[in-house]
Amino acid sequence: MRDIKYQQILDEIKGRVEPLYGRGQVADYIPELRKVKPHQFAMCLTCVNDKAQYSTGCAEKPFSIQSISKVFALILAASKIGERVYQRVGIEPSGDPFNSLVQLEHEQGFPRNPLINAGALVVSDILISCLDDPKTQLLDFVRRLANNSKINFDASVTDSEKKTGFRNYAMAYFLKSFERIENCVDDVLDLYFHQCSLSMSCSDLSYAFLVLANRGVIMHSGDKILTPSQSKRINSIMQTCGFYDQAGEFTFRVGLPGKSGVGGGIAAIKPDEFSIAVWSPELNKHGNSVLGMHALEHFTTATGKSIF
Amino acid sequence: MRDIKYQQILDEIKGRVEPLYGRGQVADYIPELRKVKPHQFAMCLTCVNDKAQYSTGCAEKPFSIQSISKVFALILAASKIGERVYQRVGIEPSGDPFNSLVQLEHEQGFPRNPLINAGALVVSDILISCLDDPKTQLLDFVRRLANNSKINFDASVTDSEKKTGFRNYAMAYFLKSFERIENCVDDVLDLYFHQCSLSMSCSDLSYAFLVLANRGVIMHSGDKILTPSQSKRINSIMQTCGFYDQAGEFTFRVGLPGKSGVGGGIAAIKPDEFSIAVWSPELNKHGNSVLGMHALEHFTTATGKSIF
Amino acid sequence: MRDIKYQQILDEIKGRVEPLYGRGQVADYIPELRKVKPHQFAMCLTCVNDKAQYSTGCAEKPFSIQSISKVFALILAASKIGERVYQRVGIEPSGDPFNSLVQLEHEQGFPRNPLINAGALVVSDILISCLDDPKTQLLDFVRRLANNSKINFDASVTDSEKKTGFRNYAMAYFLKSFERIENCVDDVLDLYFHQCSLSMSCSDLSYAFLVLANRGVIMHSGDKILTPSQSKRINSIMQTCGFYDQAGEFTFRVGLPGKSGVGGGIAAIKPDEFSIAVWSPELNKHGNSVLGMHALEHFTTATGKSIF
Amino acid sequence: MRDIKYQQILDEIKGRVEPLYGRGQVADYIPELRKVKPHQFAMCLTCVNDKAQYSTGCAEKPFSIQSISKVFALILAASKIGERVYQRVGIEPSGDPFNSLVQLEHEQGFPRNPLINAGALVVSDILISCLDDPKTQLLDFVRRLANNSKINFDASVTDSEKKTGFRNYAMAYFLKSFERIENCVDDVLDLYFHQCSLSMSCSDLSYAFLVLANRGVIMHSGDKILTPSQSKRINSIMQTCGFYDQAGEFTFRVGLPGKSGVGGGIAAIKPDEFSIAVWSPELNKHGNSVLGMHALEHFTTATGKSIF
């Protein structure tokens, strides 16, 4: 039996946030992202207990998930090498912008957490070291989490990153200079740019994040990907580090562990209850989706389902 | 009806953590704290629904709450001027040590959050501006939260801080130079050193923190101190900023919003369920109680009552 | 026999720089300095070989020498404890603003050089430790160097600093927290604020700096204050550290070791040849006198007497 | 007529510094440099007035000049585009290590001066933009300055840098991300690694630096490479920025504008008088030649020819 209330809430939220169009800017740091039509909104909720999915807006439309992909890479790495991931990256908030090299220099190249760029590059390096065909295997893994074999990389976004992502090149070579990266820098960046270019819909993202709400088990297959403890750790990292320099603000306003991307997506979960994804391309100055932040705030206010 | 299980769990935890004596160091940054006997442990749980209190160890023995007092000062300030507190201090994790001046210089003296020293000094300044007799009123407020009129400042600790707390003097004058402090620096430091010297037991602390687990309402009196939203904000700030540079570690291992002090105390809450306080003077290198961290981790593991 | 050429050059320079009035701002960081009439100019040259003095403008009018006093305190400290001064302060350029606390935090409170505020405070501390009556003895020392017993502190400037110099209080307590200051912070600041408030004319300054052009010997008395090596070291420190974050610019444009102050004064020397002082209150954004910088540049261009 | 005194002084210096063998370490940051035999010493002086050259030790033996090459690149750039060089790089000391990225991040990628790595990479970029065949033309330029057509790049050193110089890759991409580099990063690094690998003897270096002692004119050909002002500017930059974080120490102990390299070479000049080069591979912890620093200090002490 579907819970009508959720559907009503999502539809009401859509009505409340659409007047906010125009308050943010579509990401312009890579040329491909600039082309996205700004006034779009989608939201999708998937429940743990009955797998019911509720959505509003263009919830089947794929978009560039960008930094949200860092969570998938982290899940895959944790499923392969367990807690050893955290010998290579920390779990503390950085207090600096996501692409800052300052902290890295002061801390001998050890990334504060896996959700800033430096940490994600090290996670890419881990995947290259422990997988035979990391790009294909990461893609397959995401498809498996989302139960959708059509998910793919967006080659034009990958190319755009490769041509203009100089800060990421700088970061990767900087990590290499501290011997924090084992493999060839070009290979690490190739995997990293590919994962950032993953194109997924809110429906895909919500489904894929369910594994973190379900203590590490894929709902539809019953596959155990992570131990409950590993899953809990990733959730706690998302809580403190998932929203660039708005982690505190998001923790207060939304009160759910989650991760945002400059493509305008946000995915979040409530342990044992649900996962939720939202998308709208216009970003605030912190790089988080304007409508997405408001939509999630309305959602936890309306349902009382914050963790605080 | 008392829940026997909780009592058993607390007693078991005591047995499990006491072998960890000797793994940390009693705080030595002010002379008075060095005098505390290291091998002590206490824990106290207070439930929201029935006000039942469970404890183990020397739960009635007062100790120096130090930085935990920052939460009381913040609650009092929020109860007086509401959201305007957050025009004076931020709500984001700092990523730097609790007494760093670097970030302050880079950010024109605006403290990242009210739980680092810089932010707590600004909260002291707020209290001085809006209270007639801030020291007395803060003390009365804490007594009221804890329902214990015997709570007091420890004059020898206050004096010790005044004679040796040069870093806090530096911080306060630095804030003043950025015009972030309205009142006389000596008055701000006097209030700050007094609040840090508050002497409370685990029983007191657990009772006093209940207001944050109870959406801003004092349980025993029914007084509304904060709105639910104000209470939620303070909880989310504790989650991301309450444990110096171990916020991420605590979020993962314990998974509760809380605050630690270099006196060896930690207080934490689970919204709508309970507040819990633990004390043991030996600190790890991050300034958090060794036994306290382990005890809380055991507690959330045994009860499943983490927020993640 | 007086060298007419120098007099002509100075007078020509005055004519060339006066059209620059209005291009800078009188210092406003302490209230007293704001009261100075902006459109004033003075310049005074004293030669080593014949003690001849040449001047133009209001060369006998006293002004607040501010940071130039750091050189006098350093000379006095070096004359008392020799090279041990450099165990307490470094000799390298800081690369940061003169009143930055960032570098100090990163380097455990060891000041980069004696001409930034942190270093000057440590020099004050040295003087307090090795003199019976440091304020009086410093004043007597400056009078002796300048051969003018009427030089004095300006009490209104001292008071103004004491009431508003919060950044210096912060710096001094910060140094104290790193145990870089031996004496009471209030005493150190009292001496420091007094030395900054010294009121001297260009004629006084030029005469007083002659000791550094004369390898450590006071010309008029023959007293050996410093060894040639000590004198050379202070000159080299002035060259690399004497002009806030314009040290490189001054080294190029003027090419003489010197020191500026936010009162609008600059004193410089050429070893074995002369000392020169210039004053005009309007400052550029780096805190150096606009007309002063230009006047010295014209002087070394006209005379060829740069060290490069 | 040769000045016998200089020859004696150089030979005496050799005797005095050779007992210091073993006090430093041969550079190990690139594999090729590690192979150099540590106990070698050479020194060569060239006078402006009579072009007389004096030398001691293996003054004709080529070594890797490394960062000394930054001066040649700067001279060439200044000869091509004049003062516009200083719109692309600053002239102030950095206060940070030569390969730090921190300052660059805080200052939007604008290098403090052309003698730190970031600045030298921008100078390489300038040369690529204004030369048809920058590697060949830079090599020809250095040969012309040194009047030695046999000078060449050392391909094994270039290769070694290319394979291991990750920090320089990071720096170049970081500059590119701030749009401080116009050309392809690989081209910039190729030129930079080539210039660093220039192999020259003390005799070559001393001769080549004469242009800076001779106000921008090549002695043997009379070619005007720089204006006197441009030459003076480069000298003043060497004075304040030429010795990594020992600029102040070198300014005091030696008192000459100069530049060191991690190959163990140092070249310095006294305007209108001489240029001097010294080489010994063992470095102190600051990256400067142990014997080289002492040799130059003895030289200016013995001759009185410091600029202070």
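We just call them A, B, C and D in the order they show up, numbering each chain from 1.
Please note the rule applied: a contact is a pair of C-beta atoms (placed from the backbone, for glycine too) under 8 Å apart; a residue touches a chain by one contact, two chains touch by 3 or more.
Not measured: the values here are computed from a predicted model.
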Mutual neighbours - chains that touch chain B and chain D alike: A, C
Distance between chain centroids, defined by C-alpha means - chain A, chain D (Å): 48
Separation of mean Cα positions, chain C and chain A [Å, integer]: 56
CA centroid of chain C to CA centroid of chain D, Å: 32
In chain D, residues with contacts to at least two other chains: 106
Set of all touching chain pairs, with the criterion as stated earlier: A-B, A-D, B-C, C-D
Contacting residues of chain B [partner chain C, same complex]: 100-102, 105-106, 166-167, 169-174, 176-177, 185
In the complex with chain D, residue positions of chain C that touch it: 90-96, 103, 112-113, 232-233, 235-237, 239-241, 245-249, 251-252, 255, 257, 271, 306-308
